[in-house]
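Before anything else, here is the set of structures, which you'll find just below.
Both complexes below contain chain A, partnered by chain B and then by chain C.
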Partner chain A sequence: MNIFDDQNMIISPSEGISLPLYKRTLWVLCALVILLSLSFVYSLKLGSVSVSWADVYAVMGFDVELNDATSTIYELRLPRIMGAIAAGALMALSGYLLQTAARNALADPGVLGLSDGAALSVIVLYVVFSQVSLTASILASFFGVFVTALLVLWFVHKNLSGTFIVLVGIAVGAVVSAFSDILLSSVTIEDMAFLMAFLSGSFLSLDLTSASFLSIWMTVIIAVFLLLSRYINPLNFGYQHAMSLGVDAKKYYIFIIILAVFAMAPVIALVGSIGFIGLIATFLAKNIIGYRGTELGIVSMLLGAIMTLWADTLGRTLFAPVMINAGVFIALIGALFFIIMTRYIVKQ
Partner chain B sequence: MFQRISLPSSLSRSLSSVLPNYRFLGGVFLLTVMLLLVALTHISIGARPIVWADIFQAIFAFDNQQFVHHIVIKQRLPRLVVAMACGAMLGLAGFSAQKMFQNPLVSSSTLGVSSGAVFFSLCAIYFFNVSENDIFIPAFIGASVAGVFTLSMTEMMNRSSISKNLHIVLAGSLVSMLFSSLSSFLMQLDPLRFANVQDWLLGDISPADFTDLSRIYPLALLAIGVLLSQGRSLDVMIMGEKQARSAGVNVTRTRNITLLCIFLLASLVVSIVGPIGFIGLVVPHISKLFVSEVGNKGAWLSMLIGGLLLSFSDLLARIVIAPKVLIVGGVSASIGSIFFLCLLYFMVRDKHMS
Partner chain C sequence: MKLITFVQGALLLSLSLQSVANETMMITDHAGNKVEILTQPKRIASLHVMSTTSILLDVDAPIVGTSTYIKLPENRPYIRGGEEVFGIKFADTGYFNYGNKGSDIEQIKASKPDLIIGTVKYQKKLFDKLSKIAPTVLIQRYTPNIFDAYRDVAIWVGKKDLFEQNYGQYQQKITRFKDKYADELSGKTFIYAVPSKGQAEIKIRQNSGIITQVLFDLGLTRPQFLKDTFAPEDAGAEVSSELIESLDADWFFSTYTSQLGVGSESIDAGFDDVAPGWQFALTAYQNNQFIRLNREQAYTPTFVSADYVLNALEQQILKNRK
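Here is the complex of A and B:
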């Protein structure tokens, strides 16, 4: 398909938003939205407590009389599922933005060690003051991501080759997780179990408040992303080209890194250290719709949401009564993906 | 510094043929003194402080009635000896690996060997109920599988690109990432069963004692001996494969034997104390301060430094938050990974490698 074929262009929603849609993209978007909605409904039904479709329907319509089945769905499953969708979308967007900033298909919060950094600062907070409010842990997560991001940026700013970025990210991640290990070995057994779950990323402890918070946060971040998209897209061509297209590249590089950090930090604070979603989702999205700026971001978000939702759902149903943390699933898939992607790493 | 002493040239020539390298001897002396100091401090510090005189008495004139002597011999000495032995094995493995690959970032942990050993051990525990005493066999299989995986991945990457030095480390990190995510997946399947290996997974010396060492020492000595005997061939291989071949070295055989011994040492360490990372990475760099990597002096010195480093990490783990004991794997990994990061940075900055 010729991507410069104007016949394929369908809509451009408004002046300020750079979102020219192509037919193929539109089909993919529709398919993914339908897939996401179906997964959402189906995962409400799946689980170790069996519920009927009628109960699911009742919860969907918010027509809730709390009997056993509906309260299972409403209190246990709905927050997890909402949280997984929002977290997946945010992490995928964060990965996409970092990849745009680094102009490297391997940049991702998990790969660059940002997730580990955020998790470490939240853990420190837990260990120091055993009781931590939601706001405090989100702030701590922001702090951790920023510090780690600065560290990684400082290390890689002179050499942006793929191999080096990935190695620095892995090394920073190793430093951070060594400190996490030290902290883990110094707390009591009960704290340790909780922190282990946190470190591997689990949607188990999400309640409705934090899940709604994540969803609202996701909406805000998407809005900001769409508003900034006309400045973000030229950056995909590199600094010089972006400058020649009239974008103040330096300023917007900083903007998108900050946006990426804002997208991921609350997720880590609430869910724990999950990574690799951005890596996998953006890679898949590129293969489905090609290199297309904003649409790529949106499609990656949808893919990330679907992936995380299924990672969580499979994790709680596949080996029931044992629960596998979503983060563990994702890390496993991510590592496999990474190995398959080495070809691309080396070429960059 | 030691070599700069100016002597009349004829005298200096005749002396240098008689006397060994000052720098090497100085290094050995310095490190031995440090090792002794660390060892004595390691034994004397603890819940019950023990004066040095008591330590010597316990070792040289053991008195069954004295409680202190029992603490020294039965509790603190085993831990120290295990730390030193494992450190020495990791140090030698790292030295040989860096010498063979001519790459300052390689070690048994950065090759992914340790995490492969861990995953296979966990599988053996989970699927075949292997007791913790026999864990060495699956660990060795895992180490070899992971190592071969890393090397073949490196080969594949090298084919498609010119810059090669970082590839082996990248491949190793990815393999290690894969195996550790597999391990955590496996552990989630049955958390209760793996509750008692939690510390071992991070690298913990405290449960190990002389019985563990007595189980592994024949193989460990064998591996160390073989590695030392390969020293000369490895020296020739530094010049490059072709030159080594024309000098009559069987490159493939030397490489395979060395790799096998590295895997063996790494898996032995994993089987008794768990995956203690980064010691093997740091040690060769310290040993290069005292002696060049050509010849077997570096190998001996690496064992000494490895023992020193791991017992020092263990000392730190025991005193940092005093009544509680940290896990030594975490301490050594945090020192070593910072070192790794700096090494990576300077390597790329100075040589503009990618």
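Here is the complex of A and C:
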């Protein structure tokens, strides 16, 4: 197969996966993978403690006796870099899936109240039990996101797409967020500070175990996404078109919302709420490669990973030793960038 | 022969000194963690400026690094409370700078501490990560008696004797103060509150560091409004400024934040903002029993801050007696 024969190329790694790759998308994917790889390596070098490139290469080679520099990279930087990449990719994919289901570019885990639902569950768990294990917080996050998603779906099940789902999501999110605020006001100052830090969108507390979990989870979610790709792509054309192509649209709309929930829940549990990634990454991806179905999802994930990685890296290095959470950085820089891009597109 | 005996003796002495220096003890910190720490740590990382660093400075413990605030408008790192209370400027210390609330873990690791002291409030989530660097203990900032937390820190850093000596002197001061100013203090109530500017709220600080500790030790009690609204162990909360009249007590304490470059007049300006006419609602103000304290000097859980609060109260009492 000669990929330069034709503008279009269909790659079918297996029967069930639809991954049409246009030349432009291929180049974009290569560029983003290279950019992500370079960002990964460079982020290992950056920090408030100076390390050499030799130390970075030693850690990457896994052939190292840990000294001060290499243990700083391996134990302190590597977990949060891995975590940032995985979390950014998962949140971006979640945003892409929700936008496909809602047929609305504003759909995002934060906008639809799903992040607030996860946060409320974790807060309730902590208020009731005081000591919260990692597993329990992840399960609570899943539960919270599921219940919030079900609540949103229940309100919109007769009108599953468009502006309506976004408006309902905003309303549900506001109510859920209000309950969180009420609960937070009932705990002690110590517990409130702990919960606020817990939910603040920071990679500071990630260790290798939780970062590895997120990375493995990301791989599993990507695999499921690719397996569902032949059903997700038709949904981009709308309910009627998808049905005419033989896809049970209603069933798969719900499937992809569930997949979006599975993508984001562990991120909220381990890192807290990182808003805007789903919106910005997908928006940028659309403007780079157009509306391309599965490719859009993949490109969004790569962009989300790069953005989150740099948000965390800049947050921990720009004003060191003062640390700024990745969530705050993304909100500041990402939102500003989003506004500028939107105005640019409108002008075009 | 004598030389050999001398060398053997010197060797034994050095070994025993080393074993004393390396002696450890098992403690339970305020988060319930059982931690093995050195009895005499030599490099202590402090992760909260006003709660832990100030105590360590008060007992002259060997600090290797500390979290810092940013002093405006100079935009320099500073030890909040430490600079005002002990006159120590961060730039003169040679300490590692761990950033805001000890969040720069790379600097903590680079400082090679043999003990890390943090707070339950800010470092609970990081406990496992910090424990990989050095034995880590967490203190509860708001305990019913602030000196209980202080005593624990003193034990953990091998300064228990110094603490007990200072605490004994403090208790004697309190007893003398109560006797000397019994008319002004006996059976009286107090409230410590600050205006939340721009929010029409007043923040009641019921259990708040050394200020309330000293006042409770002097025998002052809570006014009825606080007894009805908060449990004794509550730290406090914001209340609507419409309740200004309910906040009346025999003594009213408030603080200003000198870190922001403001003075005591900011307290009055703050109350003017949230509760106009507050001067007429508070008996304490009308009786010249409204005391304005510098928060950075008054808040640290140290005996120096306790003296500051006592001195401020004494000055006002003597002024009123004239």
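The rule we apply is simple: the second predicted complex is superposed on the first by the 305 of 348 C-alpha atoms of A that agree within 3 Å, B and C clash if a C-alpha of one lies under 4 Å from a C-alpha of the other, contacts with A are read in each partner's own complex, and residues count from 1 in each chain.
Quick note on the criterion: a contact is a pair of C-beta atoms (placed from the backbone, for glycine too) under 8 Å apart; a residue touches a chain by one contact, two chains touch by 3 or more.
Because the structure is predicted, anything quoted here is derived from the model rather than measured.
Considering only touches as defined above, state whether A:49 meets chain B (first), chain C (second), both or neither.
The answer is second: A:49 touches chain C but not chain B.
Determine, under the contact definition given at the top, whether A:338 touches first (chain B), second (chain C), both, or neither.
first
Just to be sure I read the superposition right, which of the two partners does A:207 touch: chain B = first, chain C = second, or both, or neither?
second
When the two structures are laid over each other on chain A, which of chain B and chain C touches more residues of chain A?
B
In the superposed arrangement, which partner chain does A:166 touch: chain B (first), chain C (second), both, or neither?
first
Is A:179 touching anything from chain B or chain C once the two structures are fitted on A? First, second, both or neither.
In the superposition, A:179 contacts chain B only.
In the overlay, answer first, second, both or neither for which of chain B and chain C A:323 touches.
Both partners, chain B and chain C.
Once the structures are superposed on A, label A:31 by its partner contacts, choosing first (chain B), second (chain C), both or neither.
Neither partner.
After the superposition on A, what does A:155 contact: first (chain B), second (chain C), both or neither?
After superposing on A, A:155 lies in contact with chain B but is clear of chain C.
Pick one for A:75: touches chain B only (first), chain C only (second), both, or neither.
second
Just to be sure I follow: which residues of chain A are touched by chain B in one complex and then by chain C in the other one?
Chain A residues touching both partners: 322-323.
Sort out for me which residues of chain B touch chain A in the complex.
153, 156-157, 160-161, 163, 166-167, 169-171, 173-175, 177-178, 181-182, 184-185, 188-191, 198-199, 202, 277, 321, 324, 326-327, 329-331, 333-334, 336-338, 340-341, 344-345, 348-349, 352, 354
Show which residues of chain C lie in contact with chain A when the two form their complex.
68, 70, 97-100, 103-107, 109-110, 120-122, 124-126, 128-129, 132, 140-142, 235
Quick check on the complex: what are the chain A residues that touch chain B?
On the chain A side, the touching residues are 155, 158-159, 161, 163-164, 166-168, 170-172, 174-175, 178-179, 181-182, 184-186, 192, 200, 319, 322-325, 328-329, 331-332, 334-336, 338-339, 342-343, 345-347.
Going by the contact rule set out above, which residues of chain A touch chain C in the complex?
Residues in contact with chain C: 47-49, 68, 71-72, 75-77, 188-190, 193-194, 197-198, 204-205, 207, 316, 320-323.
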